[in-house]
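Only one structure is covered here, and it is reproduced in the block below.
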Amino acid sequence: MEIGVVGLGRMGGNISRRLMKASHHCVVFDADEKPRVALAKEGATVVQSLEDLGETLKERPRAVWVMLPAGRITEETVERLGGLLEPNDIIIDGGNSFYKDDIRRAKKLAEKSIRYVDCGTSGGVWGIERGYCMMIGGPKEVIDHLDPIFAALAPGLGDITRTPGRAKGDPRAERGYIHAGPSGAGHFVKMVHNGIEYGLMQAYAEGFDILHNKDSKDLPDDERFVLNMPDIAEVWRRGSVISSWLLDLSAAALAKDAQLQNFSGFVQDSGEGRWTVEAAIEEAVPAEVLSTALYARFRSRQDHTFGEKILSAMRFGFGGHIEGSEPIAPETRTKKLQGRAASQNPAE
Amino acid sequence: MEIGVVGLGRMGGNISRRLMKASHHCVVFDADEKPRVALAKEGATVVQSLEDLGETLKERPRAVWVMLPAGRITEETVERLGGLLEPNDIIIDGGNSFYKDDIRRAKKLAEKSIRYVDCGTSGGVWGIERGYCMMIGGPKEVIDHLDPIFAALAPGLGDITRTPGRAKGDPRAERGYIHAGPSGAGHFVKMVHNGIEYGLMQAYAEGFDILHNKDSKDLPDDERFVLNMPDIAEVWRRGSVISSWLLDLSAAALAKDAQLQNFSGFVQDSGEGRWTVEAAIEEAVPAEVLSTALYARFRSRQDHTFGEKILSAMRFGFGGHIEGSEPIAPETRTKKLQGRAASQNPAE
Amino acid sequence: MEIGVVGLGRMGGNISRRLMKASHHCVVFDADEKPRVALAKEGATVVQSLEDLGETLKERPRAVWVMLPAGRITEETVERLGGLLEPNDIIIDGGNSFYKDDIRRAKKLAEKSIRYVDCGTSGGVWGIERGYCMMIGGPKEVIDHLDPIFAALAPGLGDITRTPGRAKGDPRAERGYIHAGPSGAGHFVKMVHNGIEYGLMQAYAEGFDILHNKDSKDLPDDERFVLNMPDIAEVWRRGSVISSWLLDLSAAALAKDAQLQNFSGFVQDSGEGRWTVEAAIEEAVPAEVLSTALYARFRSRQDHTFGEKILSAMRFGFGGHIEGSEPIAPETRTKKLQGRAASQNPAE
Amino acid sequence: MEIGVVGLGRMGGNISRRLMKASHHCVVFDADEKPRVALAKEGATVVQSLEDLGETLKERPRAVWVMLPAGRITEETVERLGGLLEPNDIIIDGGNSFYKDDIRRAKKLAEKSIRYVDCGTSGGVWGIERGYCMMIGGPKEVIDHLDPIFAALAPGLGDITRTPGRAKGDPRAERGYIHAGPSGAGHFVKMVHNGIEYGLMQAYAEGFDILHNKDSKDLPDDERFVLNMPDIAEVWRRGSVISSWLLDLSAAALAKDAQLQNFSGFVQDSGEGRWTVEAAIEEAVPAEVLSTALYARFRSRQDHTFGEKILSAMRFGFGGHIEGSEPIAPETRTKKLQGRAASQNPAE
C-alpha cells in the first residue's frame, strides 16, 4: 500500500523503515530537513509540506499516519490534514493522544466524511526490530482496509509461546495488533498500558532500592548485606515469576554500571500516566499503585515540596523539633547508659 | 504524692513542674547538670544518680517516672532501676517505648514483684500549660494507686465541649487519661495516636502544597491563582470541618512566615510511625494513609533514591529518553505548528 | 440587606435562617413546597419561581445566592438567572461547584455585566449554630458589597484562641471568611479543603481500625488487647496532638455505639475529593494521602474489584493457589511437627 | 550427588523430580503417604522419618533440602535435623523463610559445625519444566560444594536473549542462580523478589480494572467502551513494553474466561510481601507501591473495615449523610431543571 507519514522522529522514522521493508510505499514529511534526507536515501518519497503530501499520494482513499508528540502539534497537524484531504481519506494518529481528543476529532472529521483512526503504538526504539504492538480505535471497515499496514508493523507470531485456549479469539491479537473499539478506544487501551508500565517500573524501582539500602549503617551488622544488583537483575530473568522486558532493560543498565552513575533520578512523566489516573477516578476504580507510581515521578523532580516544609513547621510547633537536630527514627543501638537529658522529645 | 522523675528534657522537666504545681513532691535526676540545677531552683529534690534516687524516695511503694528517648537509654534505665528497687515499687515508662518492649519488661520485673506501667504521653512542649493526654497500660491496682499523679498531669475537663452520651463511660477519659489495658496497651494506643498524627499532618501538607502550586506556570493563565496561605489556614480554623490543633499550629507558622523559609522540609520520623505500620501489617489492616505519610518523610530526607535512578535507566532503555531533555508531561499549549521531528518520543 | 436564596435544602434553609436572624431580608425559592412553607413561617418572603424571584427582589443590584447540588441543577439555575437578571446584579454560587465551571460562568455572565461570585461554604448541619466558614472568589468590589451577608453567615471571632502574629493579616480570616482570589479561587480553596478532609478522615479511620483489630486471633495471646474505642476517642480530645472537630464527631458516634452497628461502611464521595486529586496531577504535586483516601471510598462500595479477580487468576496460574484454601499469611504458631506435604506452596 | 529432600508438596516433589532427571539421587520424606508413594514409583528412595533420612544418606557431608511452608514446620524440622546430623553436614532451607530466622539458625547450627544454606526458590508449578530461579545465602565453600544441585535445578541459559555487557559477571546468574551473600541474603533477595511480584501483579490488576470499568453507566455514552480483555492481554504480550511472564498468565486466564467467573477476588498474601514492607521501613526506603499492593490484598479479604464505618459515622456527624441515600460523586448528567431542595448536602 501507499501511505503518508508525518513526523520522522524516533518513532515515525522507524515506522516508515519497517513499512518500506514490507514493500509498502511511504511518502514522508518532517519539518526538519535532516530526517527527510535520511529517509530519502532509504527509499521514501520525501515531500516538503503537508500540502505536497496530499498531492503526492496517488492511491485512493489516501491514508496519512501522523506520528508526532501528543498535544498541540498533533492537534494542528490533524486539523490541517482535515482541510487538505477529501471524503473517504484516512488520518491515523499513531502518537499518544488523549482518547477524548480522538473522539472529538473523529466526530468533526466525519462531518467531511474523512475517516479517523487512533492507534496506540508501543515499542519504543526497539520497535523497528521487534515490531510494534498496536491498539487501534475507529470504524471497522477503515481498520480492515489498513490491515496490510498494521500487519507489516506488528511483530507477528514470532517465537513467543502461544496462549493456551486462544483458538477462538481474534487472530490479530496474536500477531500484535487489535481493533480495540470505536474512536478513542485504541488510545484508551494504550493509555492504560502506559499507566500499568508506570506501576511495573515503580515496583522494580522500589525492590532494587530495598536491595541497595540493605547495606545501610542503621542496620545491625549481621543484617547488613552488600548485594550485587547486576547479578540479581540477571538471575530474576531466568525462571522467576517477575521476569519481564522491563527487567531485561534493568539488567542491561545495571550490567553496564551497577551504580547507575549516569542517571540522577530525575524522572519525567508523559500525559498517559496522568490520564490513566484520571480515568480511574472517573470510573471510581481504586488505582493506588498506578497513582503512587506517578507521584513518585512528581516527587523525583523536586528538592523539597512545600508540603514537607509544612510538616517541619508543625513538628516545630508541637514539639520544638529542629530539623536535622534529632536522631532519625528508633534509636536502637546507642551505647550510652544512664539518664541523659533527652535531646529528642520523647513524646510528641 | 512523692514521685521520682528520671530524664529532665523538654518533657520530663515540664512534667515535674506540673506535678509540683499540684503539690506533689518530685525527686529528680538527669545525667546533665543544667536541667538539675534548673529544677532544684523550682523546688524539686535533685539527686546525682539513680542509686541516690532510690535512697532518697521515702514513700512506699516508691514510684519512678522514666521520661527518656525510647530505645537503649530507656531500656537500660529501666533495667538498672529494676536492680535498685524493691518488691511493690513501681516504674512508669512515660516515653515512647515500643509496646512489645513493655510486655517483655513487665514480665521480667514481675519476677521481682516490681510493678511496671507504660504511659503514652501526648502534649509536647504545650503540655505544661494544657496538660498531658495519657494512655496507660498495666495492672489496675497500680494505676489506681497512681491516680493522683495522672490526675495532676491530665488537662482535666477544661472548657472542651462534652461528648453527648458519655454519661456511662469511664470519667477519666474526659479528664484526659485512660487505663487502656494490660502492659503494653498504653504505649500501643499512644503509638497508633502518633501514626494517626502522621496521616493528619500529611493530609494538611498535601493540601497546602496543592494551594501553593496553584500559581504554577504550567497551568493556563486563567486557572492560576496566587493564594494567601496564612489567611486560608486561619479561615479554616473558623467553623470548618477540618479545624484541629495541628491546623492551629500550621496557621501560627504561616502567620509568622508565609513561605516557611526557615524550614527546608527535611522531616524526621520517630519509631512510632514505623511501628504503627508494622502493627497494621500484623493485623492485616490496610493502612494506606498512615504508611504513605511515613514514606513521604523517608523521601523528604533524600536527594534521589536509587529507585529513581532505576526508573531513569529503564526509560533510557526502552525509549532513549535522556533525563531532563524532554518537556515535562502533556504539552498542551505549544504554539509551534507543523510536523517537526519529535524531540520527544511520542510513544513509549 | 435583601438577598434571594435558591435551594432550601439542609444548607440553603439554614443559611436563610442565619441571615434572617441577622436582620437580612431573604426572598427564597425551592422547587419543593415543604421547605417553602417552612421558611415562610420563619419570616422569609417565599416566591413560586425563579422569575418571581427576580421580580420580587427590590434592592439594586439584586443578589441571588444559589445553594444547590453541584452539577446540572446549579448550572441550569445559574444560566436561567443569567437570563432573568440585569447588569450589575450578582449571582453567588454557594454550593460545591467545580472551580473551572466558575471561571467559565463568570466570563459568560460578564458579557451581560452580571457579576458572579463563587463561595465555598463549610459547616454542614452545624453551620446554623456555629456559623459557616466561607472561601470566596470573584471581583473585589462585589465581595466588598456583599460583606454584610458574609459577616452574618461567618462564625465571627468567637472564643477560638487567636493565632499569634496575625496582627497584620486580613481581619476577615479571623472572623471566618476570606476573599481567596478571582473567579474560581473560592471554590478551589474549598475543594482542597474537602480533599484534606478526606485525608484526615481516612487517617483516623485507619488508626481506629488498627485499634479495633488488636484483638485479632492471629496475634500472640499476650499481644492481643480489647481496646475501648469510645474512651480512646474521648481521651484524644483532651490535650493530645490529634484533637480536632472530626475527632469530636468520632467520639460522639463511638459514645453512642462502640461497634458502629448502624453503619455498614459504604462510603460515598462527592466531586471535590476527585477534583482535588486531578488538581494535584495538573500541578505535578504528589498527593499520596489525598488520593488514597479517595480510593478507600471507591473500594468501600464494591464487593470485589475485577482487579482482585485478576490477582487470584495470576496466583492460580503461577502457583496453583486456590482461593481461600491456604492459611493467610505467615504461619507462625502452628503446632504440627514434622515434614507434612505443604498444603501451601512454599515458594511462589 | 545424593541429596535428602524433606517435604514433597508441589515444590518439593517437583524439585526431587528435576534432580533425579539430572541423575542426582534423592532420598525423600514427607509426613503424608501419598507423595511418598508417588516419588517412590519415580525412582526416589523413600524414608519413613527424619531419623531414617539421616541414616539412609550415604555420602558425606550429607545434604538435606527442606522444602516446607515457612514458619513453625520449617523451624522444627531444621531443629530436628540439627540434632540428627553431624559436623560438616548441610541443611538447605529452600522454602520462604524469613531471612532473620536464617541468620539465627545458621549461627546456632554453626555451634555444632553444621552448615546452613538459605535458598530462595522461584518457579512455582512451572519450575519442573522451566527450571527454578534460585537466590542463595551462606558460606561460599558450601554453596560451591552444592553447585551440581543448583545447576540441575536452574533453568540454564536456555534461549533467553543474553544481557549485553555481562561478559565479566558471575556466570551462574545467567544460568539462573546466584550466591547472594552470607546467611540470610538468599531469602532476603527472594523476599524482595516476591515483594516486587506483588507490586507488578497489582499494577496489572488495576490496569485491567480500569479497562473493565470503561463500560460504566456513569460515563458519558460516547466515552463508554466494551473492551475485550483477552485480546488486550494477548496483544500486550507482543512487542509491548509491559510484556512479562505475569502478563502471559493473565492472558491465559482471560482466554479461558474473560469474566474470570471462577475467581471471587479473595486474595491471600504470604509472609514475604509483609516482610518486604517491614524491611523497607527498617531501611527508610519509601516503598509505596509494594505496600499498597499488600494492602489491596488485605482489603480484598474483608466485607467492610471498621475504618469504613468510622468514615460513615463521621459523614453522618458533620453532614447528616445517610449511607447509600445520596448520588455517588459528581452528578453530571441529571436532566432536571430548576431549584429542587437538595437531597444531597451541597457543602460538607
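Order of writing sets the chain letters: A, B, C and D. Residues in each chain are counted from 1.
Simple rule for what comes next: a contact is a pair of C-beta atoms (placed from the backbone, for glycine too) under 8 Å apart; a residue touches a chain by one contact, two chains touch by 3 or more.
In UniProt terms, the chains line up like this: A, B, C, D = 6-phosphogluconate dehydrogenase-like protein.
What you are looking at is a predicted structure, and each value in this text was computed from that prediction instead of being measured.
K.L.:
Return the chain pair with more inter-chain C-beta contacts, choosing between A-C and A-D.
P.N.:
Greater number of contacting C-beta pairs: A-D.
K.L.:
Taking each chain's centre as the mean of its Cα atoms, which chain lies farthest from subunit B?
P.N.:
A
K.L.:
Centre to centre, by mean C-alpha position, how many angstrom separate subunit C and subunit D?
P.N.:
Measuring from centre to centre gives 40 Å for this pair.
K.L.:
I'd like the Å distance between the centres of subunit A and subunit C, where a centre is the mean of that chain's Cα atoms.
P.N.:
One centre to the other, that is 35 Å.
K.L.:
List the centre-to-centre spacing of subunit A and subunit D in whole Å, with centres computed as mean CA coordinates.
P.N.:
Centre separation, subunit A to subunit D: 27 Å.
K.L.:
So which bits of subunit C are touching at least two other chains?
P.N.:
Residues 122-124, 197, 202, 204, 206, 209, 213, 241, 245-246, 252, 269, 274, 284-288, 292, 295-296, 299, 301, 305, 307, 318, 328-329, 348.
K.L.:
Which subunit B residues qualify as touching subunit D in the complex?
P.N.:
Going by the criterion above, the answer is residues 241, 269, 274, 277-278, 281, 284-288, 291-292, 294-296, 298-299, 301, 305, 307, 318, 348.
K.L.:
For the complex, which residues does subunit A have touching subunit D?
P.N.:
Subunit A residues touching subunit D: 100, 103, 122-124, 127, 130-135, 154-155, 158-161, 163-166, 169-170, 172-178, 180-182, 184-185, 188-189, 192-193, 195-200, 202-204, 206-207, 209-211, 213-214, 216, 218-219, 222-223, 225-228, 230-232, 234-248, 251-252, 255-256, 276, 279-280, 282-290, 292-293, 295-296, 328-329.
K.L.:
Which residues of subunit A touch subunit B in the complex?
P.N.:
Per the stated touch rule, the residues are 6-12, 29-32, 34-35, 49-50, 66-73, 76-77, 80, 94-96, 98, 120-126, 190, 194, 197, 201-202, 204-206, 208-209, 212-213, 245-246, 249-250, 252-254, 260, 263-272, 274-275, 288, 292, 296-297, 299-301, 303-321, 323-324, 326-348.
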